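Listed after this line are the structures, all set down as structure tokens.
Next, two complexes with subunit A in common: one pairs it with subunit B, the other with subunit C.
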Partner chain A sequence: MSSFFSILYVLVFLPSVVILYNIFPKKYRPIVLLVGSYIFFWSMSGKLLVYLLFSTLSVHHIGLWLTNLQSERNLKLKEVEKSEKKELKGLYQKKQRRVVLFGVLLHIGILLAVKYTPFFTENINSLFGVLNIPITLDIPKIMMPIGISFYTLQAVSYIFDVYREIISADRNLLKIALYMGFFPQIMEGPICRYSETAHILCEGERTSYQGLTMGIQRILYGMLKKIVVADRLNSLIKTVFDNYSQYDGGIIVVAAVCYTLQLYMEFSGTMDLVIGTAQIFNVKLPENFRQPFFSKTVSEFWSRWHITLGIFFKDYIFYPLSMSKPLKKLTTKARKLVGNHLGPLVAGAVALFCVWICNGLWHGAGWNYIFFGMYHFVLILTGNIVEPYAKKLLERLHVKKKGVAYHTFSVVRTVILVVIGEMFFRANGLRAGMSMFKNMITNFSLASFSDGTILTLGMDAQDFMIVGITVAIVMVISILKEKDVSVREGIAKRNLVLRWSIYYALIIFIVIFGAYGRGYVPVDPIYANF
Partner chain B sequence: MERLIEILEDIQPAADYETCTTLIDDHILDSMAIIALVAEIEDEFDITIPTVEIIPANFNSAQAMYDMITRLQEEE
Partner chain C sequence: MKCLKQILRCAVFLAGLVLILTVLHPIFAPKNNSEGSGIEDVSANGILSEKKNSIDVLVLGDSLSHTAISPMMLYKDYGITSYLCGSYGQYMYDTLRYLEQAFENQSPKIVLLETDTLYRRFNVTDAIASSIQCEFPVFRYHDRWKDITASDFKGDINYTCINDYKGYRGKDIVNGIPNPQYMVPTDKIDDISTLNQYYMNEIVKFCKEKNAELILVSTPSVLNCNYERHNGIQEIADKYGLEYVDMNLLAEEVPIDWEKDTRDKGDHLNHEGAKKVTSYLGKYLEDKNVLTDHRGDKEYAQWDDSLAIYMEKIETVFVGTNE
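The block that comes next holds the complex of A and B.
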């Protein structure tokens, strides 16, 4: 299997797992899911399955280790005087922190070794070159198991949640194995909490008619986004990003917009397929998107795009850092010195910097990803700093912040900033990104639209039309969702004939207008490589 | 409770803390305000707010914050 959208997955693997899941008695169904998950992982990464197995076993063990320490502490707390309790708590907190540190270093260490060794080696070689040191280290070729960036974060969140006593460590290895390896979410998330999915994954409830139809409906919507739009845009994006120096700023703008669109359609389409698949097994996964292109600020955009990653960074990096003793002291001092607005921003900026450096590096080992992270750090921090001043300025200019004009301006401004960020993200290195950005500004021209160059990049007029119509459909559905109108439930409530007519129309639309076969190269699962 | 409301009004004046129950949900208090708030509450009430307590349910209203403070004081 090459992806969730391959014929083998959609027409053979998924139906087989669904049938077997429902044939087996309830208590064996979680085992069917786990075996299915490992077969799926094996088909993608082969022997590298051993990484997932090791992480699963170590997480299981570390969780129990922490829970044992907590039980031991609770027993001793009952035996000691009140005055000694604080000291005992502190002692056990230290012990637990050492276990957490070990667990986190182990899992993040594996991720760093597998994902970043070539990047670090390259940069060490460059540094040796600059310092005239005649040493060149061999750049190792390390195979990366599918989904390691996702299940590692789930492992870390499990360890932290046990440590914080939000959950108790689970003795049931099957439950932990399914939490870590459930096949729909292994490749691109969403990044779940143990308390969100582990229990329901092991319930083994039979597939209901509603779960099946709603799941298939969501899968079809995801396929529409991925196969009709994301794959169709692929040739144009590849052509322009690989040969950016040959094109004027107008074409670069088109490619940058198309890439942002492709990223959204690919990732959110995959999430539709993932969440729809889980729904068939009665598992409710958290949403990863909430109409991001209606955001008024970059900060809001990131609370609507890849939501589960944002929550992970907020809960496990931003708050623990900004709430650490040194940063709390800094906040108190800074508030007294520079006031209520700028004071918290000092500590906030330190935590925000760490979040965005991690965010950039999580997406990939390259300077363009680090730049991508820093670009958002600067935008979000600037947004926070200028917010009260901008508010005062708008009041003086009598501009209504909630008015349609300012709202539209804010949304368009955010989209432009996001598109620029994503261009650097996709560019073949930071230098290429800088060059494209410069070209966009200094060499902007509409000539390529009138002389027909635009139609020589891998998409003809018909391709543009199909993309336009599909994007319009997705946009209408997004507007309705933004207004709390559930299109999916609306369709599900219609009579049988109308409902199935819509489903068949969707299938036929994907079959006819899907970008596959000769002349098309489907886009690789973008987030699976992160 | 009065002291808590004074702290809240000092950090973010644009809200009615007596009645509002959606301080986080309606983005009246953002993450930067929470940083300032936690530091002030810890100083004022002599408690430590662990990260696990930083959840919307504990910061959506002044009453919820006060309940959390009382609970943490009892636990200390």
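The block that comes next holds the complex of A and C.
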């Protein structure tokens, strides 16, 4: 299987797992899911399955280790005098912290080793070159198991949650194995908490008719986004990003917009498929997107795009750092120096910087990804700094912040900033990104539209038309969702003839207008490579 | 009861979907086999325009087949009517599809399978996709939505494009390689993948049902042939009781000069190499005494017209590619 959208997955693997899951008695159903998950992982990464198995076993062990320490502490707390309790708690907290540190270093260490060794080695070689040191290290080629960036974060969140006593460690290895390796989410998330999915995964409830139909609907919606739009845009994006120096700024803008659109359609489409698949097994996975292109600020955009990653960074990096003693002290000092608005922002900036450097690096080992992270750090920090001043300015200019005009301006501004960021993200290296940006600004022209160049990049007028129609459909559904109107529930309430007609129309639309078969190269699962 | 009702409802929905996909096929199917009609591989599908039951020898395989065997030469020298349904990078599932398609309108007595395709690996997904495309051709030709006109809804199909080279795609480029030693005897066997074996079995079964003799042919190729593969193919030939002609081992009968007769350093033959292969193959087929010499037969007048064009464009003023 090459992706969730491969024929083998959609027509063979998934139906087989669903059938077997329902044939087996309730207590064996989680085992069916786990075996299915490991077969899926094996088909993608082969022997690298050992990475997942190792992570699963180690997380299980570390969780129990922490819980044992907590139980031991609780027992001793009952036996000691009140005056000694604080000291005892401190002692056990230290012990637990050591275990957490070990667990986090182990998992993040594997991720760093597998994902970043070539990047670090390359940069060390460059540094040696600059310093005239005649040493060149071999750049290792390390095979990366699918989804390691996702399940590692789940492992880390489990360790932290046990440490924080939000959950207690599970002795049930099957549960942890399913939490780590559940096949729909292993490749591109969403990044779940143990408390969100582990129990429901092991309940083994039979697939309900409603779950099946709603799940399939969601899968089809995801296929519409991925196969009709993301794959159709692939040719143009590849042509322009690979040969950016040959095109004027107008074309670069089109390619950057198309890439942002492709990224959204690919990733959110995959999430639709993932969430729909889980729904068939009665598992409710957290949403990863909430109409991001309706955001008024970049900060809001990131609370609507890849939501589970944002929450992970917020809960496990931003808040712990902000609440740490050194940063609290910094806030107090900064308040005195620069006032109540900017003061807290100083410590916040440190935490925000850490979040965005991690965010950039999580997406890939490359300077353009680091730049991508820093770009958003600067935008969000600037937004936070100027917020009260902007508010005052708007008041003076009598601009209504909740008015349609300002709202539209804010949304368009955010989209433009996001598109620029994504262009750097997709560019073949930071230098290429800079060059494209420069070209966009200094060499902007609409000549390529009037002379027909735009139609020679891998998409003809009909391709643009189909993309436009599909994007309009997705847009309408998104607007309704934004207004809390559920299209799916609306359809479900209609009579059978209308309902089935809509389903047939959707399937036939994908079959006919999907960019697959001869002449098309489907886009690889973009987020699976992060 | 409720569960049964739900299963029944799913079955009805799927049946409706199958019906819609079937109804869509005549709309999306290419209405001709010409360039621009939207049909895949115009050259290999040229057989669709051939007169019913006029082809005696069908050749299948990947690019090694359509660069090494010239059907018009077989007609000119032996009166054998053959068609080459070889295509670039042909996989065994494509081979089976072309075979089945050819027999819808033709009854070849002999089927030649160029063996390079037996070592062309593919995965289960590709095989399933191919099967689905065979059952519901709308998946193969869905992209024709861009060219669909009102006449497509009538569904009238008329294959009018006669391929004068009968699927041959020779080139006169010379890009040689000095004295390659690529057929070093060994007992080792290059195993044929399970999927390819499955399709081989299907092809053998199909040919038996149609009373056509299936012959395995390895045309000379330095890059694609070796003794391990020869052994693997021989094993398959023995298993099914098929004749196997490995021209890589017939240096005297097929005297390929690798400095002159290849167009890409031993990967494919050029026209001169193809002439040597076809000459040997013609004699081999003639010796079987099962094929009729159609030269001079009024029913095959079109072949004479194609031969004239072939001679004019290929034999006398060969200019690069003739695809």
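The working rule: the second predicted complex is superposed on the first by the 530 of 530 C-alpha atoms of A that agree within 3 Å, B and C clash if a C-alpha of one lies under 4 Å from a C-alpha of the other, contacts with A are read in each partner's own complex, and residues count from 1 in each chain.
Assume contacts are C-beta pairs under 8 Å (C-beta built on N, C-alpha and C of every residue); 3 or more make two chains touch, one makes a residue touch a chain.
Source: prediction; values computed, not measured.
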item: Touched partner set for A:H199, first subunit B, second subunit C, both or neither; value: neither
item: Partner chain in contact with A:R97 - subunit B first, subunit C second, else both or neither; value: neither
item: First, second, both or neither for A:G348, with subunit B first and subunit C second; value: first
item: Touched partner set for A:G514, first subunit B, second subunit C, both or neither; value: second
item: Partner chain(s) touched by A:T332 [first = subunit B, second = subunit C, both, neither]; value: first
item: Touched partner set for A:I7, first subunit B, second subunit C, both or neither; value: second
item: Which superposed partner A:K400 touches (first subunit B, second subunit C, both, neither); value: neither
item: Residues on subunit C engaged by subunit A in the complex (per definition of touch); value: 6, 10, 13, 16-17, 20-21, 24, 28, 40, 123-125, 128-129, 132, 138-140, 142-143, 145-146
item: Partner subunit C, residues of subunit A touching it in the complex; value: 1-2, 6-8, 11-12, 209, 212, 460, 462, 500, 503-504, 507-508, 511-514, 517-519
item: Subunit B partner contacts - residues on subunit A that touch it in the complex; value: 86, 164-166, 314-315, 318-320, 322-323, 327-328, 331-332, 335, 340, 343-345, 347-348, 351, 384
item: Subunit B - residues contacting subunit A, complex; value: 10-11, 30-36, 38-40, 42-43, 49-52, 54, 76
